[in-house]
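Multiple structures are listed underneath, in structure tokens.
Heads up, the next two complexes both have subunit A, just with different partners, subunit B and then subunit C.
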Partner chain A sequence: MSRMELYSPEGLRIDGRRWNELRRFESRINTHPNSCDGSSYVEQGNTKVICMVQGPMEPSSRSQADSAGATIEVNLSVASFSTFERKKRSKSEKRMVEMKATLERTFQQSVMCHLYPRTLISIDIHVLAQDGGLLASMANAVTLALIDAGVAMYDYVSCISVGLHDQTPLLDLNGLEEQDISTLTIGVIGKTEKLALLMLEDKMPLDHLESTLGIAIAATHRIRDLMDDEVRKHGNLRSSKLAKN
Partner chain B sequence: MSRSVDVSTNERAYFIEGLKAGIRLNGRRFDEIRYPHNIHLSKEEYGYVELEWGKNKISVRVSSYIRKPFEDRPFEGIFNINCEINSMASAKFENGKNSDEEVLISRIIEKSIRRSNSLDLESLCIIAGEKVWNITVDLNFLNYDGNFIDIGCFGVMLALQHFKKPDISIINGGEDIIVHDINEREPQPLSILHVPVCLTYCFYNITNQQEVNIKGESTSDDIYLLDCDYKEDLLKSGSIIITLNKNREIIQLSKNGGIPIDASLLVDLALGSIKVVDELTDLMKKLIKDHEQQRFDELNLKLLQVGADR
Partner chain C sequence: MEVAEVISITKPSSSRPFEDVDDDNDSDVEMNNTTNQSIVTPGELITDDPIWMKGHGTYFINDKTYSSVAGTVSRVNRLLSVIPIRGRYQPETGDHIVGRITEVGNKRWKVDIGAKQDAVLMLGSVNLPGGILRRKSETDELQMRNFLKEGDLLNAEVQTIFNNGIASLHTRSLKYGKLRNGIFLKVPSSLIIKSKNHAFDLTGNISCVLGVNGYIWLYKTNVNNPTSNNNNNNSNNSNNPSITRLEEESSWEIYSDKNDTTITNSIRSNITRYYNIIKALSYCELGITEQRISMGYEASLAYVNLGSLNDKDAMETICQDIINNEKMRGIN
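On to the complex of A and B.
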């Protein structure tokens, strides 16, 4: 695969983007108004994720009731048709457990858990299609679904993946790029530079870390705006309906 | 459910006050690690290492055998890391049940060493598509005192450098192989491309105002401790694991929850870690070299050397 030209001398990537361009980001909130408290659908390029949030509710087992704050539980299911090659994935796969734990721990901090003691917030994530940046899309979907459910959060958690090709950072990698170059996924709270989520799986020269992080943070702020637009659009729609009645 | 003991509020307050005054309860500096000690490199067996790091104790065994390679990768040997954490180490780990924490520990060690290609898999190939070496590392944690990831990674890398596989000759024009007994021919060390070193930073928010921390601009309130012990680990409000090697490459970065970290601080931590990484890599190198020398002297291998020292 490495024979493929990921970044042409003219500065174009395999899907025709420049180094600092995001893929198409589309999101919807309140997609499943009857089946759960909050839901969202996120598309980042060809990666498609549905997220549903139940709660805060009474936990089914006593062990999940924490008197200090809400417990956040993430269930991850990746559809067997989500990749080109059909493959059944088990939930106990280490990669899945790791992503699940990462999401749980990230949102445990970003949600104002202390406002909901002795409750459980259950988050179901369904991955319909994956084409790179899976963890980022999932985190974005969870943020939107939590907002839709009306769970108090400090701010949006917006996520993006960024890779490094030779010396050039490439923003928002697709599946092909992700196979070949190292990927850094970051999640930022609101419009700050605080990293709530951080995952780098392959080698990256230390001296390029700063520039890579810089572009990634700028991208998360952009993603935050895009998500915010969607939330506001939905909010306006709802309030106009209320005004009519 | 984990059966770890919760720390009392008094103890927590005492600890935080200490941090505010710039003092850790164990007397170390904030960026000081506990150096490994009591390192035992087996003389009888290649690739068996026992070491202690603070009160942590691990044993690592590397073993090898010959097998058929995977069909999609005929030129590559096979390398696995088996991470065994049971309740012997600490009551917080349960036998036979993989908690999230255990999975994260083994996953990060695996990512640091296996995925980063620190072991050259192609050098493990004997006959393409037919015979390759399978290298298995068994990592057993014997006692827990915080920070399993750093010590595990150090132990595995030390054991891999200590390990030697039997020499092999290919006969009948690539049809058959002879595996030479280790007493017959000097066994071959593995080819290691780079040595990853994991460092875990735990962080503490001493103001106890989460909202300020998440939304605020000032970062002076956060304290970062390198290589936490058992108690510090219980009190942490988050941690970040940085894996680096001597070539100034970041192998792996992961932050699993905990209070958010400022991007510039992350860069500072990574740059600051280089010194510790160099120290640990050199320590490993020295240990292996001393061990080799000792073995060389004891077995009087000089007798076997042909050629004049010029």
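On to the complex of A and C.
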């Protein structure tokens, strides 16, 4: 075992998962009830993300006021301690700018922006730890935070990353796997097969794309259920509290 | 590879322990849960019956109505809407609110009221110093910043909602206007229970404006002009029509920026005490009413040190006292 084996002949990955196995997904909603309108915390394996949503609110500058619908602004901050090696990251890094733009465009579509003309929805994302599937975790966290803020949206946007090793799709890559094989991140609206987000930074053979997408869509549906459970749990707790008053 | 099955491993029934703890605390929680309509979440099908009209929090595709927010379904006649569990304040005509000026514009002020968009306060809907009722002239426009400037707090009433959702306010009454001699406090607007009176006097020479938007102002009671019930009695007794009082009392002083010089230390500490009580109510997510604030004040007297009211334990104790008190009086 001198060389790292991404996928053993027995069908196990570096961290002992099967090819179609998700990492532990945990989420929490309304984590910061006093400092923002909506907040969430998402853990996908060792990737940990906090998201806070302000708004819809009056935009600070006139240029952000769009009379057709709400403007969505995403602010990304990746903690310097989020990777194994401590490293300072600037917001102007090319990858950051792209992720920010991707998220903005994704949620501009799935949020019912036309209901909130001339307002700004400001989304702050803090990455506490990263171990693969960063964009997916961020999008999942944003979905939960927007729901917590009471912003109207068509359905959940649930995201997952998937890679292709030889001919086997590997679901929900961790950091080590992500370094070695090409990664596709998709975001699906609800339980449909409509994609709200699709990101592929390197190449993937076309004839395997369909099976890869198939397993990824099935995984996003599972993630949606997991997020839905959390929202319901929180909602029932809250409504029982209100009924007591 | 066409078998698209996903394995996911989750914590074994992580939700159980929490629920069990809740059930132990008071057994009626479970009953409430069953009687409550359950929660709907975004994208959930509410009904496929096209007879329902779609209201807020829903959307409509192919004769099917789906929810667009997480909340409870409300059915009024044939209007179907979903009320979100959390969300920003939604202004309604007649709401008594507290706001902060964010911008002085052309014949209008922009006011932050914690809603999705800032409200407007037209120059035509404020009282002029001196109480003269007349059309507002150009000179009034030029000295708008002398009446109210950016950062000033005021209490007002929502006059109308424009069809783009922006609220229009007015302060054409002596109980509205600029706020001073006190402290500002913000709580979630869902905690404010609408009532007949949102401005009232409390024991200890303190008055309170409980804005429906969750913005609260606690201040020293104005001796000449007590806010609530006493006010009505006075005007009834002396038979003073409000117009004359307006002329007498609304001098430049109603737009003064200076606090009274006579705010004693005891008043300051009383304001702090009420501030902490309201914070405790909001921490425990109890609805905030005049009665509960008064009961909280009585309960808080056990704590001599005001700072200790900020402790988690103290906040919970006070709220528990209030709930017990209400049960005893048979409110609830």
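Please note the rule applied: the second predicted complex is superposed on the first by the 243 of 245 C-alpha atoms of A that agree within 3 Å, B and C clash if a C-alpha of one lies under 4 Å from a C-alpha of the other, contacts with A are read in each partner's own complex, and residues count from 1 in each chain.
Keep this in mind: a contact is a pair of C-beta atoms (placed from the backbone, for glycine too) under 8 Å apart; a residue touches a chain by one contact, two chains touch by 3 or more.
None of these values were measured; they are calculated from a predicted model.
With the C-alpha superposition on subunit A as described, subunit C and subunit B fit side by side in the combined arrangement.
Using the contact criterion defined above for the overlaid structures, shared-chain residue A:Thr102 touches subunit B, although it does not reach subunit C. Put simply, more of the residues of subunit A are touched by C, taking subunit B and subunit C as the two choices.
Judged by the touch definition given at the top, the superposed model places A:Arg18 against subunit C, while subunit B stays out of reach.
Contact with neither subunit B nor subunit C is seen for A:Tyr7 once the two complexes are overlaid on the shared chain. Of the two partner chains placed by the overlay, neither subunit B nor subunit C lies in contact with A:Tyr41. Contact with both subunit B and subunit C is seen for A:Tyr154 once the two complexes are overlaid on the shared chain.
Superposition on the shared chain A places subunit B and subunit C such that, viewed from the Cα centre of subunit A, they span 130 degrees in steps of 10.
In the superposition on chain A, A:Gly190 contacts both subunit B and subunit C.
Of the two partner chains placed around the shared chain by superposition, subunit B and subunit C are both touched by A:Ile217. After superposing both complexes on chain A, the closest C-alpha pair between subunit B and subunit C lies 6 Å apart. Shared contact residues of subunit A, touching subunit B in one structure and subunit C in the other: 154-155, 189-190, 214, 217. The touching residues of subunit A, when paired with subunit B in their complex, are 63, 94-95, 97-98, 100-102, 104-106, 108-110, 154-155, 184, 189-190, 192-207, 209-210, 213-214, 217.
Contacts from subunit C toward subunit A in the complex involve residues 1-2, 4-11, 15, 22, 29, 32-33, 35-36, 38-39, 41-43, 57, 59, 66, 68-72, 84-88, 102, 110, 112, 116-118, 164-165, 188, 285-287. Interface residues of subunit B facing subunit A in the complex, by the touch rule stated above, are 1, 98, 100, 103-104, 106-107, 110-111, 115-116, 210-211, 214-215, 217, 238, 240, 244, 248-264, 266-267, 270-271, 274.
On the subunit A side of its complex with subunit C, the touching residues are 17-18, 20-22, 24-26, 30, 33, 37-38, 55-58, 112, 116-119, 147-156, 168-169, 171, 189-191, 211, 214-215, 217-219, 221-222, 226, 228-229, 231-245.
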